[in-house]
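Take a look at the following structure, please.
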Amino acid sequence: MTAQELLEVRDLGVEFTAPDGSPLRAVRGVSFTLRRGETLAVVGESGSGKSTTALALNRMLPGTGHITGGTVRLEGRDLATADDAELRAVRGARIGMVFQDPMTALNPVLTAGRHIDEVLRAHGNRDKAARRARTVELLDRVGIPDPHRRADDYPHQFSGGQRQRILIATALAAEPDILLADEPTTALDATVQDQILTLLGDLNRETGTALVLITHNMGVVARACERVLVMYGGTVVEDGPTAEVLTRPRHPYTAGLLAAVPRLATPSGTRLTGIPGSPPDLTLLGDGCAFADRCTLVEDRCRNATPPLARVTGDVRVACLPAAGRTEPLPAPAPPARIDRPAPGAVVLEADGLTKTYGGRGARKRGVPALDGVSLTLAEGETLGIVGESGSGKSTLARVLAHAHTADGGTLRLRGEDVTRPSRRALHAVRRQVQMVFQDPYASLNPRMTVGEIVAEPLIAFGIGDRDARRERVAELLVLAGLDPAVAGRHPRSFSGGQRQRIGIARALAPAPSVLICDEPVSALDVSVQAQIVGLLTDLQRDLGLSLVFIAHDLAVVRQVSHRIAVMHRGRIVETGTADEVCDRPRDPYTRALLAAAPEPVPPAARPERVEKTRALA
Amino acid sequence: MTQTTDLLTAAPPPAARKPRATPRSRHPYRTALSTARARTGLVLVGLVVLAGLLAPLLAGHGPTDQSGQSLAGPGTPGHLLGTDDLGRDLLSRVLYGIRTDLGIIAVAVPAGAALGCLLALVAAAHPVADTVVQRVFDLLLAFPGLILALAVTAILGPGRIPVVLVIALAEVPVFGRLLRGGVLVQREREYVTAARVGGGSGSRVLVRHILPNAADPLVVQIAVSLTVAVFIEGAMSFLGVGVRPPQPTLGAVLSQSMPYLAQAPQFAAGPLITVTALVLGLSLIAEALNREIRR
Amino acid sequence: MTELYPLTPSGPSRRSTLRAAGGGALLLGLGLAGCRSAVSDTSSAPQGASAEPRRGGVLNVAVNADFTPALLFAQSGQSLQQRLIYNTLTRYDDRLHPKPELATSWTYAKDGRSITLRLRDDVTFHNGRKFTADDVIFAVKNLQNPLRAAQLRSTAATVTGFEKRGDHELVLKLAHPVNNLFDLFEFMIIADRESVEDAVAGKKFIGTGPFQLKKWSPGSGLSLIRNDAYWQPGRPYLDGVELRVIAQADALISSLRSGQSQLTFDAPGKSLGAVKSDARLTISDYDTGAGAVYLGVNTTVAPLNDRTVRQALAWAVDRDRLVAQTLGGYGLASAAPWPKSSPAYSEANRTHYTHDPAKARELLKSAGHSRLEFPMLHIALPGETAIAESIQYDLKQVGVHVTLQPTDGATAQKKLISQGMPALWSLGHGFAQVQPSTLAVSAYPFNEAKNTSKFRSAAYTKVVREAWTEPETDTAAANALHQKISRILLDEAFLIDLVVRGQLQVSAAGLHGVTLNKFSYLNLDNAYLV
Amino acid sequence: MRSYLLRRLPSALLVLVAASFVIFTILRLVPGDPATALAGPDADAATVAAIRERLGLDAPLLSQYAHWIGSLLKGDLGPSYAIGGQTADLIGDGLGATTELTVAALLFVIVLGTAFGVLGATSRSRWLTGAVRVVTTAALAVPPFVSGVLLVLVFAVALPVLPPGGRVAFLTAPDLAAQYLVLPALCLALPSAAVLGRYLKDGIERGLAEDYIRTATAAGIPPRRLLWRHTLPNALPPVVTLLGMQVGNLLGGAVLVEAIFAWPGLGQLAEQGLQRRDYPVVQDLLLLLVAVFVLVQLLTDLVYAWLDPRIRWE
C-alpha cells in the first residue's frame, strides 16, 4: 500500500447478540480504503450498518457488538486486534470522532474548555497553561466567538450548532489523521448544518485531516465529500467519486435513494417515488443481495449469491450482479408524477393574531414569545405547509391549532365559530374535528399500550361505537394507514420508525377528523420511508377530503405536498404564498437563506484544489 | 434521529441508546423477573414467605409454650434451634415471627404506598394542592420515626396497629414523592399530548397513560420499602413498643436475644439469617426490575 | 493501663495499632498514630495491688436512669447519690437496729410520744456552715410538704412539735406513737436548708456527705469529688465518684465488662449470665431485700372480687422458675413481701403459696370458673416483659388467659396512683425491707386507706393502724401485729407477692467496702479500689 | 440563590408551624403527665395536684400552647419539668453530641457508600462485586441494635481496643473523642451507606451509558478518569438529595444507637423526656429536629444546584 493509504478496511464483519441470544450481523464484509486528507461519505438508511461500521473502526461498538472478522489497518497497524492501551493511543490521537446529537454528546457538568483540556491531557500534554492556550485556539478555530470567556461556559449555555463545533474542536484537539463524523448535522437546522459542513471542509483542507462522514442525507454527501460509500443491509453496495455516483448511480438502491430525495426544484403537487418495503431485518438476512426484496430490477441470481463489490468503471465499484454486466448507468428516475387533487374549498380553520409565551408561571423569567401574532387560514382539502427552523415556533403553532395548548391571545375559528378558549364540551367537539400527527414516532406512542389500544383510545374517548365496533374500526384504520391489522396486539416498541408513524396516523384518523395537523411527520424517517409517508398523507387527503397542516423544516418536502406555504421565523409568519411561488420567487430574506442552505443531492460543479497539507492550524 | 433508528434496528439497544426499541413485546416486568438475578431473589423471598405461611405445620411447638429448659442449645431433642430464655422453642418463635412480620408489612407498606400515591395524584390535580401535599410530605419525612413510634404506641397502646401505622406513615412520603416526580416527567411526554389531543379527559389521561408509565420506580420502591418495614418493626420491638408480647416477631426475638448474644448466639442467629435472606431476596428483585425498567 | 483485664504481652501493641486504625478512621488528618487510649482512660485506680484500704482513685458507677432532683426527698428510681452527698440521722444494721450517723444517741419517752435526739457537733455542710438542730427541724418539716412527694410523709407528719435544747440536742413531739420513726431517720437526708429550693430545682446540692457535687449533667450523670472536710476522719478513701447514666441494659453490662465502670446496682436479671461468666466481675446480693416482684389484682373486677379466685392465682405462679429464668437466679421466691431480714419474715409465710396448678384449678372450679380472661399490665422493658410473659404462661396453665399490656413507665405510674389499673398488673414494690408497718402506711399498693387494688377491709385498716402506732419499744406485741398483717395480705391476696429481690450489686473485683442503706442510698465511706 | 432561599422560606415556616401543632397535640394525647411522673411511685392525689399546679398543667391547652410558642419566640425555653436543669442547656448539650455523631456517621456513609457504589458498578471481578453485595445486604438486614451490640462485644469486650460507650466532647480531646465515636458512628452509618452505595452504583451504571461518555472514550480518555471526572460528577446530584434524606434517617436512628452506646445525645434526651413526660424538653427537641431536617433539605437543594451547572446558572 502506498503512503497515501491511511486506513484500510478489509471485509470487516460485526455481530451483535440479540437479547434472545440470536446473532445479528450488522456489518458484513465491508472493505474500503481511506487516503490521507480524503473526504469520504458513508451513506445509507436505518440498518444499513453505516454507524456500526464507523464505531467498529476504533472498536467503540456498544453493548454486545463485536468484530467477527476482517482487519482495520491504520498505517499497517490492525486495530481489530489491538489491545486497550493501543486503542486508547489511537482514539482521539489518530482517529477523532464526532457524534450525532450535540445535546447529549457533551458532558453537562464540564465546561467547553474542560472537554478539550481533558483530551489534551489524556494525550500527554502536561502543561496546564499550554493546554489552556491550545483550548482557546481550538475553540476560536471552530468559530466559537469570544473563546477566552466561552471556554468556561457549560454546554447548556451554547446553541446546538455551537455545541457541535465544540465537539469538533474536541475531536481535533489531539490532531488526529482521521475525523470520524457520525451524522454530525442530522440534529441541526439546515442553515447551521451548512455552516458546520463548511467548517468540516475547511478543516479538512487546512489540516489535511481525512474526513469520514456518516450520513443518511444525499444532500450532505454532495455538499461535503469527494468520495461516497453507499451501504445497505450491512454491506457496501456502491463506492465511487461523489460526482459519479450521484449523477450516474450504478446500483438500483442508490438510484432509488436518489429518486426518493425530494428536490427543491420539483413543483408542488407531485408524488415522490419512494422505495417500496422497508429496510431488511438483519436477523433474517440470508445469502443473496440484501436489496433483492425491494429491487425493481431483481433477477433470480440476485437471491442466491451475495454479489461481490466489483469495479465497474474508473474507480466506481458496485455490488450488484446485473449492474456488473451493464456498462450504461441506470435510466434516470422518471420525473415525479403529478397527482390530481381537488382544488381547496371553503375556509375551515382560521387563526388570527395568535400569541403564546411559555414559562409564564415563574414571573421571574418570562420566556420569549413562541408565537407572536400568527394569522393563517386553512381551506377544505387544502394542504398548508409551514416551514421554519427549530425555535421558529412552528411546533407551538401546531399544538395551539390542535388545542394541545391554548393560545395566550388572538382568536382561532373552526368553521366560523370561535374555538380559542372552548368550554369542556366544545373542546371535545373541536378535537373530534382537529387531530394531530406528531414528529417523534417513538415519544408519541404510549409504550405501555398495544397498537390496538393506542388507535382505539380516541374512539373510547369520543365514545364512538361499542367494543366490537371499535375493534373493526381499528382494523380498518390500520389498513388505511398501510398496516397489517394483525399487528393490533403488539407493542409500539416492536415497530420500525415508518410503521410507528403509520400507527400515529391511524390514531389521528380514528375520530374521522376534517383537519389534520402534521408536526414534522417525516423528519425522523429515512428518505425512502419518508416518501411513503408523504405519499400516504397525500392519498388520505384526497380520499378523505382532509385539510392538512404540514409542518416541516425541509422546504423540498413541504413544497411537494403543499398548496400554500407559510415560512415561520421567531414566532412570526414572515412569508406566505403558493408553494411554487414561495420556493421559486422568495421575497423574504429569511426564506432565501433557507433555500440557499437546503442541501441538494447534486454534486458541486467543481471542487477547489486542496491546499498544501499542513499540520498547523490556520 | 436516523442514526438512532439505525443502531436500533441494527443492534439490540445497549443501555446507551433509546430504550423503547427492544424488538420484543413482553412486559418489561416479566422480562425482569425472568432474569437469573430476579429468580434467585424470588426463591429466597418465596422460601421465607412459605416458612411463615406453613409455620403451624413446620413448628413442633406453640410459639409461646414455655418449658423449664431455658437457653437450650441447637439440636436439643424436640428443639431444632434450641430454646430461648423462657424455654420457648426458637424454631417456632422464628417461624411464627415471620408470620407476624409478613402480616404487618403486607398491610403497612401497601397502605402507606396507596396513601402516598393518592396524595401525589391530588398534588397532580392543582398547583395549590401540590404545595400543600408537598408540605405534608416534608412534615412526615421530618418527623423522627422512632420517637414518633414511642409516642404513637403510648397513645394507642401496644399491638400491631401502632406498628403498622408507623411503618405506613414512614412510607407515605417516599411513594408520594416518587410518583409525583414520575407524573411531572411523564406529563411532558409527547404521547400524553397525543392522548389529550385524542380527546382523553384529564383524569383518563392521568390514569390510563401517565400512571402506568410513572409507576415503574414505585414497583422497585415497594421491594425496597418491604425491607425497610422489617427494619422498623425490629427497631420498635427493641424499644419495647412493638407487637404485643408474647407474640413473636423477628424483631422481638432478636431484641430478646441481645443479652445472651455471648452465651447463646444461636438465639440471635435464627431471626438474623431469616431477615438477611428476606432483604437479600427483595433487593435482588428490586435490582432486576430496576435494570429492566431503565432499558 | 488497669489490671481489670489480663493482657497477653502482645496486647498493647496490637491494641494500639487497632486503636490507631479505629481512631484513624475518624480523625483523618488529625494524624495521631498510637494516640491516647480511650479504653485505658476509662477507669483510673491507684497503682499497686495491696489488699488493704488505700486513698485515691475515682469510682465509676453505672446507673440506668438519672436521678430526679424534684424527687430528691422521695424514694425514686435512683437514690444512690443520697448518702454520697448527704447524711441521715441514723443507719440500720442488718437486723434493723439503728446506729448513729448524724445523731449520736436518742431516747424515747415512756409513752413513746416524744424522742430526744443528740446530734454531732463537728459536722459542717459543704458550704462550710455548721450543722445544727435547726437543720433537722427543717428536714422533718420539709418532708411534711406534699410537693416533696416523700413516701414517709405520713410518719414525718406525726412529728407535731420541736423543742431545741441548744444547737445539738432536739426533742421531737409526736401526735401518737409510731414504730417506724427510725425508718424516717434512715430515709430523711439532711440538706442545707438555705439552698433546698435550689436543690429540688437541680441547681445546688449541699449536704454534709463524704462527697460534694462537682457537676451534674442532667440525663447523663453526676460527678462527685471527695469532701476533704468530711466529719469521719480519713474518709472517704476515694477521690471521686462518677455516676454515669447508661439506660440500655446491654450497654450497661458492656460498660462493666470492659472495665469502663466498676459498680452497678441496675444489672437486669437477663444479663446476669454474661456477668457471672466474667471473672473480672463479682456479684453480691443484699438479701436485706429492697423490693419485690408482685402480681397486683384489681379487686373490683369480677370475678377477682372473689378471694378464692385471687388465691388460685397465687397458687398458679411458678415463683422458682421466675427466679431462675427471668432474674438470673437471684431473688427469693416468696408469697409474702418480707425479706429474711424483716422482723415480719417467717418461712411459713414465705411458702404459704407455692407452685401448685392442680390446687389452683381446684379453687377456680370451686369458685365456679373453668376459663377466665384478664388483661395484665406490665412495664415495656425487656426484664419486666419476661416476667409478665412467664406469669402469663403459668396462669394459662390453670385456665386463666391473660392479655399482656406493655406500658411505658409514666403511664403505668399514673394508672397505679390513680387506681386506674386493669384486672391484673405485675410490678415491683419497695418498703418491705424496713419496719413492716412502713409498707402499709407508705407503700401505695399496700396502703390501707387507698390502694391500687381498691381493697378495703376494716380488719386490715385496724391492724395496720395498730402496728404503726404501736410504740417501737414493745417488740413482742409488734411481732404479733406483723403476723396479723402477713395473714391478711396472704389470705386476701389482693397483691400477690412473687419474688423478694435484694439489691444486686455487680462490681469490679478490685472494689471493696461498698454498702447500701435500707433505702438504697450508696455508702462509699469505706470503699476503695485496689 | 438568595431569591431561591426567599422563595423556600415561607413553606419551610409552614412546615414548622404545622409540626409545632402536631407535636403539641401528640404529647397531650400521650397518657400520663409530668406531674404523675414527678410525683413518684407512692404519691397521693394531693401531691400530684400540687405539682400539676406548680407546672401550670391545670391551665387550658390553648394557653399552654400559646405559652410554649411564646417561650420559643422569647428564646427562653425555661426549665425542664422532670429531667432537671434548663431545657435550653439540655437540648444544647444533646445537640452537640448528636451533631458529632451524625457528622461522623455521615462521613462513614459517604466513604463507605462511595466505595460500595464504585466497586459494585465498575469492578470486573465477580468475586469483588459479590462481596460488595453481601456487605451491603448485611448492612441493610442487620438492625443497628444488633450490629451495635456485636461491635461492642468484639471491639470493646473481646479485644478491648475501643470504649463500649459514652462520649468525650470532640473539642476537649479529639483523639479520645474519635475513639468513642468510631463504633456508634459506624453502627449508625452502615444501613445508610448501603443505600447510598446502591444509588451510586445505579447512577454510575446509567452514567457510563451516556453519549458524552462515548464521546470521551472515543477521545481516548483513560477509564479511571472517565469514572471519576466524567461519570461520577453526573451521578452525584441525585445522591446528594438522597444524602439529605439519609440525614433524617440518621437523626431518627440516633434514638437506637445512642441508647446502645450510651451516647448522651438528642435521641437519649427525647426518650427520657418522653418517658418522664417532660413536655418542654420533648416539644422543643422535636421541633428542633424538624427544623434541622427542613434546613438540611434546603442545603441539599443548594448543593444540588451547585453540583449541576444546568440548574446553577438559571
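By written order: A, B, C and D. Residues from 1 in each chain.
In this text, contacts are C-beta pairs under 8 Å (C-beta built on N, C-alpha and C of every residue); 3 or more make two chains touch, one makes a residue touch a chain.
Remember, it's a predicted structure, so these values are computed and weren't measured experimentally.
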Original post:
Greatest Cα-centroid separation from chain D: which chain?
Top reply: A
Original post:
Out of B-C and A-B, which chain pair has the most contact pairs?
Top reply: A-B
**OP:** Take the average of all CA coordinates in chain A, do the same for chain B, and state the distance between these two points in whole angstrom.
**Re:** 46
Subject >> Chain centre separation (chain A, chain C; CA means) in Å >> reply: 88
Subject >> Where chain A and chain D are represented by their mean Cα positions, the distance between them in whole Å >> reply: 52
**OP:** Find every residue in chain C that makes contact with two or more other chains and list them.
**Re:** 250, 408, 411
Original post:
In chain A, which residues are in touch with two or more of the other chains?
Top reply: 62
Subject >> Residues of chain D engaged with two or more neighbouring chains >> reply: 30-32, 149, 153, 157, 210-211, 214, 271, 274
Subject >> In contact (per the touch rule at the top): chain pairs >> reply: A-B, A-D, B-C, B-D, C-D
Subject >> Touch list for chain D against partner chain A, complex >> reply: 3, 210-222, 225, 229-230, 233-234, 307-310, 313-314
**OP:** Write out the stretch or stretches of chain B touching chain C in their complex.
**Re:** 64-66, 68, 70-71, 85-87, 150, 153-154, 157-158, 240-241, 244-246, 255-256, 258-263
Subject >> chain C-facing residues of chain D, complex >> reply: 30-33, 36-48, 50-51, 54, 79-80, 82-85, 89-90, 93-94, 104, 107-108, 149, 152-153, 155-157, 159-166, 168, 173-176, 178-183, 185-186, 259-262, 264, 268-269, 271-272, 274-277
Subject >> Residues of chain C that touch chain B when the two form their complex >> reply: 249-250, 253, 268, 270-271, 273-274, 277, 321, 324-326, 380-382, 385-386, 388-390, 392-393, 403-408, 411
Subject >> Sites on chain B touched by chain D in the complex >> reply: 14-16, 131, 134-135, 138-139, 141-148, 150-152, 154-155, 227, 231, 234-235, 238-239, 251, 254-255, 258, 261-262, 268, 272, 275-276, 278-280, 283, 287, 290, 294
